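This report refers to the structure that appears directly beneath it.
Chain IDs A, B, C and D follow the sequence of writing; residue 1 opens each chain.
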Amino acid sequence: MNGSLFLAIIFLSLLVFFVPRSLKYSYSLFLLAGAVALTSVWSYRLLSGSVQIIDIPLNLPFIQNSFILTVDRLSAFFIIVINITVFIGFLYARGYLEPYYRSKNALRFSIHYFSYIWLYLSMLMVVMFRDGLSFLIAWEIMALSSFFLVIFDAEDRTILKTGISYLIQMHVGMFFILIAFLLVEKATGQMGFDALGSYFSNHSNIPLFILFFIGFGIKAGFIPLHTWLPEAHPAAPSHVSGIMSGVMIKMGIYGILRVLISVQSDLLLIGIIILIISLLSGVLGVMMAIVQHDLKRLLAYHSIENIGIIGIGIGLGMIGLATGNTALAILGLAGGLLHVLNHSLFKSLLFFSAGSVYQATHTRNIEHLGGLMKKMPYTAFLFLIGSLAICGLPPFNGFISEYLIYMGMFKSLSAANLYQSMLILGTIVGLSLIGGLAIFCFTKAFGIAFLGEPRSEHASGAKEVGKNMNFPQYITVAFIMLIGLGSGFVVKPVFSIVAQTFRLPDAVLTTGPFITNLSQISILAGIFIITVTVLLVYRHYHLKGKQVETGPTWACGYTAGTSRQQYTATSYAYNYNHIAKPLLQGKKIMEDIREDEIFPGKRTFISHNDDIFKKLLIDKPTDWFSGLLKKLAVMQTGQIQHYILYAFVFILLVLLLTILNII
Amino acid sequence: MVNYLIVFFAVTLMYFSSADRLTTYIKLIGIQGLLLCGIAIFELNEVNTANLLFIVSETLIFKTIMLPYLLTRIIQRSGVTKVHRLAMPGFNLLLFSIFGLLISVILAKILINPFINTIYLAIALFTLFTGMLLIVTHKLIISHLIGFLIIENAVFMFSLAIGNEMPMMINIGILLDIFVGVLILGFFGLRLKPHTNELTMLKD
Amino acid sequence: MAGFILIVIAACIFPGVILRTKSLLSGRKGPGFFQPVKDISVLMKKGSVFSTTTGLIFQIAPVVTLASILCSLMVIPFGEHRALLSFEGDFIFFSYMLAFGKFFTIIAALDTGSSFEGMGASREAFFSMLVEPAFFILLATFAMFTGYTSFSDIFNNFFITGNDYVMIYSIIGVYLLVQITLVENSRVPVDDPKTHLELTMIHEVMILDYSGFDKALIHIGSYLKFALYGSLIYNLIVPAEWNIFLQTFLFFTVQAFFAVIVGLTESFRARNKMNKNPKFILTLSAIAWIAFVVILIMTDKLV
Amino acid sequence: MTIAFALLLIWFTIIAWTNLNRTELAYFTFDSTGVLLLSVLALLAIPTIYHGFIYTTGDDANKHSIYHASLVALITFMSGAYMANSMTVLWIFVEATTLAVAVLIYHDRTDMALEATWKYVFICSTGIALAYLGILFLGFIYGRGDAPNLSFASFAHVINNASPLYLKIAFVFVLTGFSTKMGLFPMHTVTIDAHSVAPPPISALISTTLMNVGFLAIFRVYTLFSSTSILPFMNHVLILAGLLSLLIAAGYMLKAKHLKRMLAYSSLENMGLVAIAVGVGGAGYYAALLLLVLHSFTKSSLFYQMGQLSRMLHTFRLDECGRYMNLYPAGAMVLLTGMICILAIPPSGMFISEFMIFKGLVLNNQWFVLIATIVLLCFIIYAMSIRIMHITFSGPRTENNTVLPGKVNPVETISQFIFLGIVIVMCFYQPPFLVNLINQSFTMLPK
């Protein structure tokens, strides 16, 4: 029954191409809603604890080989994450796509909606397929559909190029996973996640895990595998970048977890590998984010940072499992999982509001923005909530997950031996550094983009976007506050998911007191909110009595002459940039004023940072190799004698090799 | 007797490498046809006479008379007499073909086989080699055509080598002449200029 | 509860002590101990001027900041008296709560659109980012040392673990806390609130545009912060199990002593060059890191 | 008339289906490989004729009739080649196809067409000669008084006491000779020219079914020899040829400026994959045949689309094409889907066979081949997708406003969508009759 419903949705999705243009959106929305309802029911049945695992065979009447969807708690959790963000994203898309209705023909929209639906469906399949081949197909469909979503604005050649390089990198990742699966099949005779256990139990674990980790890491965007991420997200329309960064990259995390479930030995080493790479991604990600001026690129780098945080949680969990430290295991993994959910919420929120800004101002460069707080207050509010949440500040949801990870480390410090404790100490430092840098980055992003005076006519002409774009984001905000304030209710199931998935028996006694801690946090958060409101009310009445004037900003004689005098993003990040120069490859293009120049003419000054990993890992090798290939391709000379020569040479070559017994 | 013919055949091949006038080529082609005819007569003593007659007449009429005639027609029509080679003086070409002869003999030694006369094998391989060499080192498409004719003769010799066992192989080999016909028709039908050496619009 | 009240009281006196020390050392008689409190009440009475550039953020920032400081106050214990709210990992909440306040101060500064305040904002964000690790290393080591993960438990069991190295921990802890306080409250050598050149200010320049009520809130906030760190220092010095009156006495002594130290540094030491500050602050984290790793090796982690 | 012929062909195919492995007229056997490819041909014949009619509507009656006569001849010869059960007969039919194709390529009577035709005929005849040499070497392994004709069945029992060196030489010659038809390295060169010049429906036919003929010829010899000791040798040679084809295809697709040439190179790439697949063995055989079938469907529909594209844009030069999505949405859709299918990105059925190739490579521990293939494939995907995407979405680099875009009826794309649909369905579900047929066709090959 369930399976046939799912299939029905799959086949109905084809009709998107034939539905009249006016109905396309509502039709796709209807399909999405159906799928969301269906899958949510499944995951609810699992998370409510009634069943351990559900198998849903997808078989058509006349087809023998049927695909089987397998839902366990881990999948259920990810299904929830996917459902929330994807659905909200599609609600938001309605408003975001309106300006394009004139410029693009109906087919473009059909393709867009179709790929949106299929991105959603393929993500569902990715978390539900266990068999290797069908998993790979779903995995690749996911990449393909997201590719078509990214190139929605494909008239722009650069966007097209970006999209294609994204597709290729996804393909490379797929090949890694493919080879890993094939190795498993070679050893065990069957491929798929269920066969991993028997492979790991009698082979060395590290190499296969590395293969999987690279394959999934490319999707998740761990440094240095992140190179597609900061390119693809700015290129995509905002609702797409929202769900890509919010949900799709989490599929990589899902894959890693799925593999880790069955890893048998070398857990400690694996944990340390994950931990170190994640620390790297976290710190470098946010460090690179600070110097970006493209709002969405900045957010993309923050996705890398948050993936790093998630990875830190997972790595700690692995170390906990390895050392039999249940507290660390559960807290780390739970923190990581919860951060998956949290990040999907606030990152999509940030991308949506950034999209609203883009639609209102037609620029993503924050140097051209400013003063939007007055022009579009709702969007500004939403962005502020998002920034506070992503900085992990209480009382928002980001804090909860980071708190769990921190606690895992602090609690296990006293038990750990020297090296572990040093590792953990280092991780704590890294995490706190990430927090500080994130605050630095988002004070910059919010402050420059939304506060002060407009820096260009883009910003001064901005208007608040329509309700249909803001409303869905309020839903996200509601979720964020829910998790931030009522953390206990959310964390309990996450604990149980972790305990059940990783077979941790004595979960209850280690996690029991935690819920009380969380309730304490909720209380404090409540107190905080109350204090703020009380003080505000008091201030309001207090100021009633006094006379309140307005004037220009004082700041020792600065009267807002021209908005160009304001602090820019570059200058805000200057002192930081100074320190981080060697890493970020900051470049300045300028010409100095010569000695003999009494009246210097007009000068231009450009500064930009490029991603050192992209340059070294992607651009240089591919350029070199494609150049080589082009050099090799000189055979089609158009002269017959050459053509015959090839055959001649080939025959002689083969005969020679034969005589020399090489082949 | 057969062996004399074969050796003579090899000598004509050597001439191919050294000559640089199309008329010489055509003469050589004719001679080769004649030689093949002779070889056929002496070699295929076991096949039934009808078949033998067919083969002989084919070689005699088609290879020895038709082809040279048509080729001369082409040359007369286009008035091209000398072949200019592709950056390869005749001397080197000769060296190459001697080298080729060496290789073919060695190869024939390796491929020694109870059913086949080794000399056949060696010369046939050598013929093939020469044909390929001619095509590879010439620019004019007409000399390509002649190179193909030589290859075809090589094939024919091969088929003669086992003609006793399976005469049908020869008959099939003769089918190749259809191609020669087609190629030559190409000159008349498609109005190809035999001295066009830049049929190179299609590249990359 | 006791801790909360005491800290508030201390906060009233603290700045006075600093002022008095400095004026005495510069040979003046100086204002009374409660002058700062009076200033605040004066500010309360005044009206306020808001820049036309500023908006909502600017208006609510002081309130949010103060509220965040008050909330973080609630997890600070006093002696054996547990804090109002104490739970595992409350110091994480503590520092993130303070960071919340800082966030709003910074964006409020950016809200004015003045490049001076932007400058201050960027410095504030940058420096507090750098000082974050030191604090966490400190607490991580305490957690490791005592095996507890909340302020109350840590300080209650700090001295009764019977470990010989306790004094080392407390000394280094005190040293680091003092330095961190100077950075967090942007005093000399990191920043000089009494300087007259906005270009060289950090914290003061951010609040240039505030007046009246809001300014008062900001001052209250900074005083409370001082007392806050003072009490942390106190908890590191005085064992929790001594009796309450002695503790109260010692508490104020420590706070006063701390204030005097601050006064002394401000009178005798010049502030750093601005571009020396990052190095200075990073040194703190480095010291913390080295010191505690070394101590780890010294203490039982090896065996 | 031609329609009638097409129906006849289908009827013939059904006959072939009904009595599998029967021998007719002593020279023809309905064996499974042949029937498989024959049914592909039967499926492709109808749209080919249909698009051919659309293509030749403008021409005078004479050209028209020549075109269709030779098309019918070509199809007949190809089906003959599929069914042939003896080396020589197969060879004759292959030779015959060359003549038919030559006429079709020259249909447009342009200089390009002339050149392409000449090259095609010449190189093909050389190839034919080489292949014939290979067959002769087969002949040498016969003792006196053996079976006079070279039927595959009669080979089976003499093959084992033959000297491996002869077999090796024979195989190399046959491979090189028929590589002209299969469009595989080393003699792929002319097929590229032919594809880029021939009328689109003809390109569709010769870049799919005719290549299948070439493959079949090589595959039959391979099957014949597979029982002997030279199997590893053949595998190595095939893999070598396949890799070289991939290399060249990748290089030229990165340089491609002409749409149809790019597609021709993609055929080269796919044939290289097929060669590698056969060379890998095991699961590779299934992969090879599946890839062959699906490639025929995909590539032919792409080439049909080329015909409509030329009527819309009047050019194949990549830098003059553009905005196809706005001009002709249905066609653009075909292009995109076809691109995904031909690049073997799921949900394209060709992914399955690629997957099996990799599987075989991993099982044989041929890591170098595996990595080389993957890297080259990635570059091919990049080169092809970026070009097709550009002509679909973004504007042409060099605008020529002189020619106005023509009109094409979207209904013409139906056949293409059907084929692509088949390919996509294959990814999720291969019908059992197909699977059985493919499996039967390499029963005598070593597992």
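Here, a contact is a pair of C-beta atoms (placed from the backbone, for glycine too) under 8 Å apart; a residue touches a chain by one contact, two chains touch by 3 or more.
Predicted model, so just to flag it, every value in this text is computed and none were measured.
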**OP:** Determine the chain that sits nearest the middle of the structure, using the mean of its CA atoms as its centre.
**Re:** A
Original post:
Among the chains, which is located farthest from chain C on the basis of C-alpha centroids?
Top reply: B
Original post:
Which two chains have the most C-beta pairs in contact?
Top reply: A-C
Subject >> Geometric centre distance via CA averages, chain B-chain A, whole Å >> reply: 70
Subject >> Gap in Å, rounded to a whole number, between the CA centres of chain D and chain A >> reply: 43
Subject >> Whole-Å gap separating chain A and chain C, where each centre is the average of the chain's CA atoms >> reply: 36
Original post:
CA centre of chain B versus CA centre of chain D: separation in Å?
Top reply: 32
Original post:
Among the residues of chain A, which ones contact at least 2 other chains?
Top reply: 633, 636, 640, 644
**OP:** Among the residues of chain B, pick out those that touch two or more other chains and give their numbers.
**Re:** 135, 141, 144, 199, 201-202, 204
Original post:
So which bits of chain D are touching at least two other chains?
Top reply: 119, 122, 126, 165, 169, 252, 255
Subject >> Listing of all chain pairs that touch each other, if any do >> reply: A-B, A-C, A-D, B-D
**OP:** Using the touch rule from the top, collect the residues of chain A that touch chain D in their complex.
**Re:** 63-65, 67, 105-108, 133, 136-137, 140-141, 144, 151, 154-157, 160-161, 163-165, 167-168, 171-172, 175, 178-179, 182-183, 185-186, 625-626, 629-633, 635-636, 640, 643-644, 646-647, 649-651, 654-655, 658, 663
**OP:** Mind listing the chain B positions that touch chain D in their complex?
**Re:** 110-111, 113, 115-116, 128, 135, 141, 144-145, 148, 151-152, 154-155, 158-159, 161-162, 164-166, 168-169, 172-173, 175-176, 178-179, 182-183, 186, 190, 192, 199, 201-202, 204
Original post:
Can you list the residues on chain C that touch chain A in the complex?
Top reply: 44-57, 60, 63-64, 66-68, 70-71, 74-75, 85-90, 92-93, 95-97, 99-100, 102-103, 106-107, 109-119, 121-123, 125-126, 128-130, 132-133, 135-137, 139-141, 143-147, 149, 198, 205, 208-209, 212-214, 217, 275, 278, 285, 289, 292-293, 296-297, 301-302
Subject >> Residue ranges of chain D touching chain B (in the complex, touch as defined) >> reply: 88, 91-92, 95, 98-99, 102, 106, 111-112, 114-119, 121-122, 125-126, 128-129, 132-133, 135-136, 139-140, 142-146, 148-150, 163, 165-166, 169, 193, 196-197, 252, 255-257, 261
**OP:** Can you check the complex and tell me which residues of chain A touch chain B?
**Re:** 633, 636-642, 644-645, 648
